[in-house]
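Input: a single structure, listed below in structure tokens.
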Amino acid sequence: MAEEPTRATAPQSIAQPEGTFRRVGVVAKTASREALRTAAELAEWLVRRGLEVSLDESTLRARGDLTAAPLRSDSDVDLVVVLGGDGTLLSVARSLERPVPILGVNLGTLGFLTEVGRGELYPSLVRVLAGRYRLEQRSLLRVALHRGGGQTQEWHVLNDAVIAKSALARIISLTLTVDDHLVGHFRADGLIISTPTGSTAYNLSAGGPILTPDLPVAVVTPICPHTLSLRPLVVPDTSSIEIVLETDREEVYLTLDGQEGSSVGFRNRIQIGRSDLSVQLVKTSGRSFFDGLRSKLRWGG
Amino acid sequence: MAEEPTRATAPQSIAQPEGTFRRVGVVAKTASREALRTAAELAEWLVRRGLEVSLDESTLRARGDLTAAPLRSDSDVDLVVVLGGDGTLLSVARSLERPVPILGVNLGTLGFLTEVGRGELYPSLVRVLAGRYRLEQRSLLRVALHRGGGQTQEWHVLNDAVIAKSALARIISLTLTVDDHLVGHFRADGLIISTPTGSTAYNLSAGGPILTPDLPVAVVTPICPHTLSLRPLVVPDTSSIEIVLETDREEVYLTLDGQEGSSVGFRNRIQIGRSDLSVQLVKTSGRSFFDGLRSKLRWGG
Amino acid sequence: MAEEPTRATAPQSIAQPEGTFRRVGVVAKTASREALRTAAELAEWLVRRGLEVSLDESTLRARGDLTAAPLRSDSDVDLVVVLGGDGTLLSVARSLERPVPILGVNLGTLGFLTEVGRGELYPSLVRVLAGRYRLEQRSLLRVALHRGGGQTQEWHVLNDAVIAKSALARIISLTLTVDDHLVGHFRADGLIISTPTGSTAYNLSAGGPILTPDLPVAVVTPICPHTLSLRPLVVPDTSSIEIVLETDREEVYLTLDGQEGSSVGFRNRIQIGRSDLSVQLVKTSGRSFFDGLRSKLRWGG
Amino acid sequence: MAEEPTRATAPQSIAQPEGTFRRVGVVAKTASREALRTAAELAEWLVRRGLEVSLDESTLRARGDLTAAPLRSDSDVDLVVVLGGDGTLLSVARSLERPVPILGVNLGTLGFLTEVGRGELYPSLVRVLAGRYRLEQRSLLRVALHRGGGQTQEWHVLNDAVIAKSALARIISLTLTVDDHLVGHFRADGLIISTPTGSTAYNLSAGGPILTPDLPVAVVTPICPHTLSLRPLVVPDTSSIEIVLETDREEVYLTLDGQEGSSVGFRNRIQIGRSDLSVQLVKTSGRSFFDGLRSKLRWGG
């Protein structure tokens, strides 16, 4: 394996991949020059190895000379390599229409979803193409916003859905039901409904628990609750979680994975439950979930 | 149903039970005169209805004239009625050797486990004996304390296992692993390992989340952690959770359901995972888990 | 005192006030019909007792026939009666240019600032006019927003100043210094800087401590901090607290007492310290600060 | 200043001290060989500089040949050098009968009270003896335990007084009053009453706020409260804080600075208020309180 790069440089030699992946999509973080450059370099590396490559539009636009097809949400790829951070991976995960394995490569500080650093990009890919990886299934939540009059919008989130008041609005009132059982009427800044994957994101900042990624649950965590006895609540993800906005005349938003948003009106109903979709994260290291936690949260050891 | 009492008085008439329960055990809260009196009254009520009754030793001692067998942990009863509070039910649950349905009757403030009030005792029992009830399965955790030299003690808990320093001891150091993966080395007053059932007990006071009772998980919640980034952790209950005490010369205890205790020594290892045993709570009302939460925690609505 | 009303009705008789207050301002909660009605009734009651009355503009507009002068921020009144809730009192407190005693009357649920209920309005006023009251001094914080280019806006708040991201924005970065000492660079949803008076408001929802109203301090409490070890910080109110927004391209707002807002730009500097102004709350009952807390937070006893 | 050691070695030359300190007490951490060795070395260094030295008993016993008097709580020293950690300094502070300046030297990880590292011992002392230092006043709390029958014990604490149940006890009930005003009846594991100095110790682990050391306040922080709306409470240190234990038959302890303990019985009353005593910490660096916080709590920057 002398030809394999161990640093952040593209290898000079070409080897035949032994794995099962034939068509690879590459997505670079929007507005990151380094991500675009790395994407172009990676595309060439993959093509030299005989793989078909699809590139996201920004990269294609920036490097028009690349031998690559445009990547679409329904593109027939076997593997997607994301170059960026957790945010880029979240947006790719939300857009995929079927469970394609995703390898997340972080160009900055390591994330919870993108555990491969820039320097490990090619060594990791060599392992992946050689079939030396495992797939970690991550479930998504389906979020539907019912506006009344039959208007419904729908998303699938890997981290969380957040219902929150705008900075200038006053505290809002929400009714929460789980499987048609009333949980309560609450006054708070908002509510986070998180997957186990998202439990280490916004949920953690708001005081929610950490969950191992494989659990079949959703966490409902209040943001700055006025009701002091309100605590994070863990329910089966097969539950139907419903939130109704009881406040009129205040600006309230639904945010998906912290990236997309939609305004929520008086009496609008948000319904959340397990999605049919899921995401398959490609893991090439022996690093456990707890290894990641320990280093990120500086737990001793 | 004119013969059914709707108040806290024993009915005068006798009716044939239509249910499947034939042998009923009755356990009264130790040291509660009211519980003993209610147990005696209940025993007579059951006998008049043609059921066989077993009574716990305290009640038998107090009312030696009762027509009842002594209740033992391996007694061949189909139903146990607990008269007392959540604490009494916890101790019965820990002592049972097979999953016998338990009806919890609360003689004081309603608990999370004992939802039937004193005034609903006989109406509830009539429903139960008529087969109008549902069983709610609650999983237990198996807790093993390995002292070294092959010495091991074992318990099965319905609420929680708590490793905590004594009031006079200084902060203690613990190593936590889950399925042999290191989670971290922590300094804290202690650690609570709770079932979903126990999540509304000590875990809640220590800042842990609330979990619906059916979830196949355990919660690990630190007590006053010195490591400020330490947060409650939810893991599958099929995991093997291990805690090793790394502190010498401080008094540390393992407490089971807040009722039994054992001293923990330097380098002792506590291993926790799903128990083979479970508890079946008898439910006669349409009250949901959330109804109980909402009224206890005074959530709006 | 047979002529004093003990219910929510205006008294029919007229008595001479024995107190020192001669000119009374009355402010009704905007958009509350009940407040406007009560204000008109109160104005008549005061006039009948020989007092001069000034009324806020809304009330004057709604009841043009009242014998009252318009109330201005510099009006020469000795006492202001606020009819509404804590919110109305906060806005009056922010607008006053000198420390006029304020009697807060709550027309809904009792607040922390408006402890007199609708039914106690006239009995309380009779006590006040008879000189049977005490003044509780509440300090304000001066908040200056420096936008660069010499643009500065200034407010005086009784509860709090909040720097927070909008619902759709991502987490923001802030630099906090106290008396030119760097406290830290933080990532959070925002920061609350609260007076002791405001400690029971938004600060409490965000996890901040409760402070007795007389303390010469300010509390800095993070909102959903990404930095998990970040905790509420109590500093002398004579300190100069400075916050600089380090995030570009996200919508961030400064909110004053939850009522007024201003947008905050990249590198804008917010400077907070003790105000020269203060508020004098008129207290007619023997109710302590802790009595209010205990009943609002349902602490036992 | 070539003769001054900049490392952890004793200087070879002798210089005349220019400062005002003439009689120095040295206290080494009990049971630390390194502390005893450093104390002996330091004693020689001080004697060579013409200062009178008093040594704590352990050091004297271990190094009988030293030219030093035994240090007593009423010894007539101008300065005490503590070699150990925050714990050693706390116990010295509690034992002093008048406000003698204390220089805390940490032989392990830097503490909040002992900011001088082993390597800065001699450079710091040279600055101190030359008069280049500032004194930071830290107030103490007076803690009196009234057992009934006129039995009273009294302590003066620099960090905190903790009332807490033993590990095997159940939750306890406490009544809290401040200046004879009832705050509430609470059920919790215990209560911490902390000085601003102690706010970064146990109080922080239990969820209490951080206070700058100069504030004239005390913080009352519940440990794992059963009453979920119970929050840390900041009151003037001139208040009389009283706690009465309402629980019978459970083991409860009062702990002073985490070092001394006393058992608390049913209906025993603990009274806490500002002490007449205070401690003067000797500061030789320009390091602010926030610099210490930031590095210990890993706040950015």
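The first chain written gets the first letter, and so on, giving A, B, C and D; residue counts start at 1 in each chain.
As a working rule, a contact is a pair of C-beta atoms (placed from the backbone, for glycine too) under 8 Å apart; a residue touches a chain by one contact, two chains touch by 3 or more.
On a predicted model such as this, the values are computed, not experimentally measured, just so you know.
Work out which chains are contact partners of both chain A and chain D.
B, C
Please name the chain that ends up farthest from chain B once chain centres are defined by their CA atoms averaged.
C
Hey, which pair has more contacts between C-betas, A-C or B-C?
When the contacts at A-C and B-C are counted, A-C has more.
Centre to centre, by mean C-alpha position, how many angstrom separate chain A and chain C?
The separation of the two C-alpha centroids amounts to 42 Å.
Could you work out how far the Cα centre of chain A sits from that of chain B, in whole Å?
Centre-to-centre distance between chain A and chain B: 39 Å.
Can you compute the centre-to-centre distance for chain B and chain C, using the mean CA position of each chain? Integer Å is fine.
A distance of 48 Å separates the two centres.
Could you check chain A for residues that touch two or more other chains and list them?
204, 207, 228-229, 231, 297-298
Given the complex with chain C, which residues does chain D contribute to the contact?
Touch residues, chain D against chain C: 175, 178, 181-187, 196, 204, 207-212, 214-217, 219, 227, 229-236, 239, 288-291, 293-294, 297-301.
Which part of chain D faces chain B closely enough to touch in the complex?
Interface residues on the chain D side: 162, 164-168, 170-171, 188-190, 202, 204-207, 223-226, 228, 251-253, 255, 258, 261, 297.
Which residues, counting only chain B, touch chain C once they are in their complex?
228-229, 231, 298
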